[in-house]
Amino acid sequence: MMKREWMDILHHEKVATDTYQMVLNGDIPGSGIRPGQFVHILVDDNFFLRRPISIADVDEQAGTLTILYKVLGKGTKSLTAKQQGDKLDVLGPGGNGFPMEELKTKRALLIGGGIGVPPLHYLGRQLVEQGIEVISVLGFQSKEYIFFEKQFNELGEVYVATNDGSYGHHGFVTDILPGLEGRFDTYFSCGPAVMLKAVSKELTGYDGYLSIEERMGCGVGACFACVVPTPESDAKGYRKICRDGPVFKPEEVVL
Amino acid sequence: MSNLSINLPGLKLKNPVMPASGCFGFGKEFSDFYDLSELGGIIIKAATGEQRYGNPTPRVAETSSGMLNAIGLQNPGVDQIITDELPFLGEFDTPIIANVAGSTVEEYIEVARKISRSEQISAIELNISCPNVKEGGVQFGTEPDLAAEVTRQVKAVSDVPVYVKLSPNVSDIVSMAKAVEQAGADGLSMINTLTGMRLDLNSRKPIIANGTGGLSGPAIKPVAIRMIYHVYQQVNIPIIGMGGIETAEDVMEYLLAGASAVAVGSVNFKNPFACKDIIDALPETMNKYGFSSLEEIIGGAHR
Amino acid sequence: MSNLSINLPGLKLKNPVMPASGCFGFGKEFSDFYDLSELGGIIIKAATGEQRYGNPTPRVAETSSGMLNAIGLQNPGVDQIITDELPFLGEFDTPIIANVAGSTVEEYIEVARKISRSEQISAIELNISCPNVKEGGVQFGTEPDLAAEVTRQVKAVSDVPVYVKLSPNVSDIVSMAKAVEQAGADGLSMINTLTGMRLDLNSRKPIIANGTGGLSGPAIKPVAIRMIYHVYQQVNIPIIGMGGIETAEDVMEYLLAGASAVAVGSVNFKNPFACKDIIDALPETMNKYGFSSLEEIIGGAHR
Amino acid sequence: MMKREWMDILHHEKVATDTYQMVLNGDIPGSGIRPGQFVHILVDDNFFLRRPISIADVDEQAGTLTILYKVLGKGTKSLTAKQQGDKLDVLGPGGNGFPMEELKTKRALLIGGGIGVPPLHYLGRQLVEQGIEVISVLGFQSKEYIFFEKQFNELGEVYVATNDGSYGHHGFVTDILPGLEGRFDTYFSCGPAVMLKAVSKELTGYDGYLSIEERMGCGVGACFACVVPTPESDAKGYRKICRDGPVFKPEEVVL
């Protein structure tokens, strides 16, 4: 059940170029958050729309959740000015996230691009807790944009690619996938639309889950801002990313 | 205690605050946040004859004190709305207003006829002002003759009162209002969104895939107040006012200008409790400014 | 280094940023803050045939991301402007554009003839869109035939190029633009303010003594961008864009939509250095988005 | 010469019901401020227009100026949230203030109503420094709204009136004026428009100065928002409150 809450900022730090990590405290983390769900943040009253940000980690006991965000425009820019001790207007948790109960995976491949990496962290943690083997492939623009490599290392094997070759593999995450053939049964991917398209094409035949992004209005499923079309066989013709997603099976939606 | 109730054609409202069409879906999502029976009424998302997918995404963009949207009338079609959405709304003790859209007069008639026969619907809001569809919609909203024609035809088939929703993208809002009043409209609903655009400096293209979108939010409130103020002086049918309402003070401003009730739109996205918060604050706010009933406030700026 | 210069009919601008009419007086006050020669040009306060007092006060009100004004064309009259105000402006190395207003075609002609003969004036901005005067002004701005007529007559007597300033309070901005283009306008200036109103909950009356006022500021920017985008596709004369510009990014958005230069209005009240700050930031901003000349940016959204 | 400056808030406190005092530090106080001048304040970026507030005191040496404001609407409400150490966007000093050099007064009467009292304080201080005798008549809504009584006591005799009689004289400042006949040669008044009208009528024949208010746009004389009409004999027909005023002789303007 979604709540609107003024959450306390417990911690806020820069973790990579343009990239910040924030830990929030409140009741929302106690509502059984699933990996892949997001919070919808009102940065301050200067803004008219909320910003959707994925949940990167949850500590139910401590009542905290972690988010990571990249400075992109005005809203994320203003967010950087918030300080420990400030309050933040948060609506969440939003969406459905990864269907943890239905998963039949034994060996999972996580594929994250840039600021698509964070939700895969919480997912990876939960998979490992369930005894599932996890391999991660993470892509970043360049070395200075890398974050969470250590955290993913704790979950299993990690491959890093950078667009400019300043760290790890020089190129795209998709370059790494052929080498991993046979080592996973299910993949989980989050990142820019072009990457998701390439990944789902490359991994046709595998069981997969994609977490996709779109500009949102309400973030609760009421305004039809965030739809994604479905294949012709689907009678409804669309899914709402904020309510039905943001996680979909690649065959469920048309990217 | 302040009396918040108001009776309008077809609508016995326990308070004058309703969510605006397209900003509240068919109510289901917001029923997770509070009891919808607290609302004065609910204006549901536009219905068309057939299911529509709407425009490509992105469909929304933020602006200074507002937003653009170009949903493009996405909806499951009138038949499915009647079978799948209205029964849920019937559980609440609040009147439902159906927003009716179309590309042709025939489509308007078909949708209005069907949905007005539904038990759950107390009134129709005739959407002749949607700026986000290529055909229909907006032409009906900018030419008085066309507006009058579609109003007349819809009135002829509707079992419930018809409120015509006016577009602000016109040179002369009073002529539009008078034309639809003469054509038999039971009330007016104003305003729909102002047509606007934002460009992305990186892609050098409009942010909204559709190019233009409808501007809503506090940015447009002064335009809405002006139009309602002028229309109130020239027509005798009630007005449901909307555009940028965020607070109980805003509601009072609309009522003083001449609205008899209001709709709260895009601010529901900022605060899902917006309608409830406004309703809760209204009695105290009325009190603060020396009013004890809505009748005293409505049109107060003209006395 | 980015090249910020642009040549328009009658105007050699060293950069595309000018203060908008009515928001900078006749320059004197702002010359205390910075050297006016840094400006691309200066559009001065409206001139009428005779001295006008304008509307009663209050004349301004704040709105969400904007303001209302109903100055009512207060000015000392064209003769005094020529003798008392223009000589001071002549000291600066920047072209001056005279905003010309009137209640009748005859008044427009008289003012345009007189002021266009003045050495200090490089162009006229024909204000057929002031919403704040009872007579004239706004009618010329909402009817294409009237707009064309006054444009033609003013062109006939003017010694300098004529930019016609369009009102956004119309159903069809493209028709207005085409009508004045056909009538001989050398350029367009858009947009003037949207008509709006705010009510005071205590007095229950409009805050602005005049009732309505013109809405300006960032609130209206999406409307301006939309209109310029559409007009650019249909006319061949240059457009000076305005409405809510606060930053160099805003300027880029206007240029991409199709403006060849811009005017910065009410934000001068918030920050008296606004024009200078924007001009200073422009080269870096152009660079950031990969542009090195204005020509590359202008109309970029259409390519 | 007006400056735009980010001034430091050195001190901020509530001094009466809805009434706050703020001390600001920066370069503006060094520019030879005259009593009656004002600062034009941008509360924060949520606001589009600045707020004119009179200067209630200046310490050139310390580089500080004092303002007092009453919470009236959104802007002054938000101003209350500012804290010592914050910065404030200030444009000033604005207007002309009282023409200190031209004054021929020996015995001055200050008449202030409500939040019109502050500018008279700095004026009174300067008059007393010049050896001029000062009597003050201050009007407030009621006892809880009274501020600066002590400061005015230091300047000379003080009469206080409250509308509800909860302190001092029960009634208006104008009730007190007849009793002071012959004890002053020049009056200086600031307060609500109705009060200024009543005062100038009551004191016809005396040399007088009124400080008047109007909603402002630019605050620098460029936009014609803040004009006040002049008598028919005046060719220009108006004065700008922000530039020519806010202080005028009663015979110069039509209230």
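As written, the chain order gives the labels A, B, C and D, with residue 1 at the start of each chain.
Criterion: a contact is a pair of C-beta atoms (placed from the backbone, for glycine too) under 8 Å apart; a residue touches a chain by one contact, two chains touch by 3 or more.
Please read these numbers as outputs of a predicted model, since none were measured by experiment.
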| item | value |
| --- | --- |
| Chains touching both chain C and chain D, listed by label | none |
| Chain centre separation (chain A, chain B; CA means) in Å | 36 |
| Geometric centre distance via CA averages, chain C-chain B, whole Å | 34 |
| Approximate Å spacing (C-alpha centroids) for the pair chain A, chain C | 47 |
| Computed distance of Cα centres, chain D from chain A, in Å | 57 |
| Contacts with 2+ other chains: residues of chain B | 63, 65-66, 217-218 |
| Per-residue overlap in chain D, given as positions that touch at least 2 other chains | none |
| Contact graph of the chains (line, ring, star, complete, other) | ring |
| Touch relationships between chains, expressed as pairs | A-B, A-D, B-C, C-D |
| Chain C contact footprint on chain B (complex, rising order) | 63-66, 68, 142, 169-172, 194-199, 201-202, 204-206, 211-213, 215, 217-223, 225-226, 229, 244, 249, 252-253, 256-257, 289, 300-301, 303 |
| Chain B-touching residues of chain A, taken from the complex the two chains share | 1-2, 4, 42, 47-50, 75, 91, 214-229, 236-238, 243 |
| Chain A-facing residues of chain B, complex | 22-25, 28-30, 32-33, 45, 51, 53-54, 57-63, 65-67, 69, 71, 74, 76, 217-218, 266, 268-273 |
| Chain D residues within the chain A interface of the complex | 45-46 |
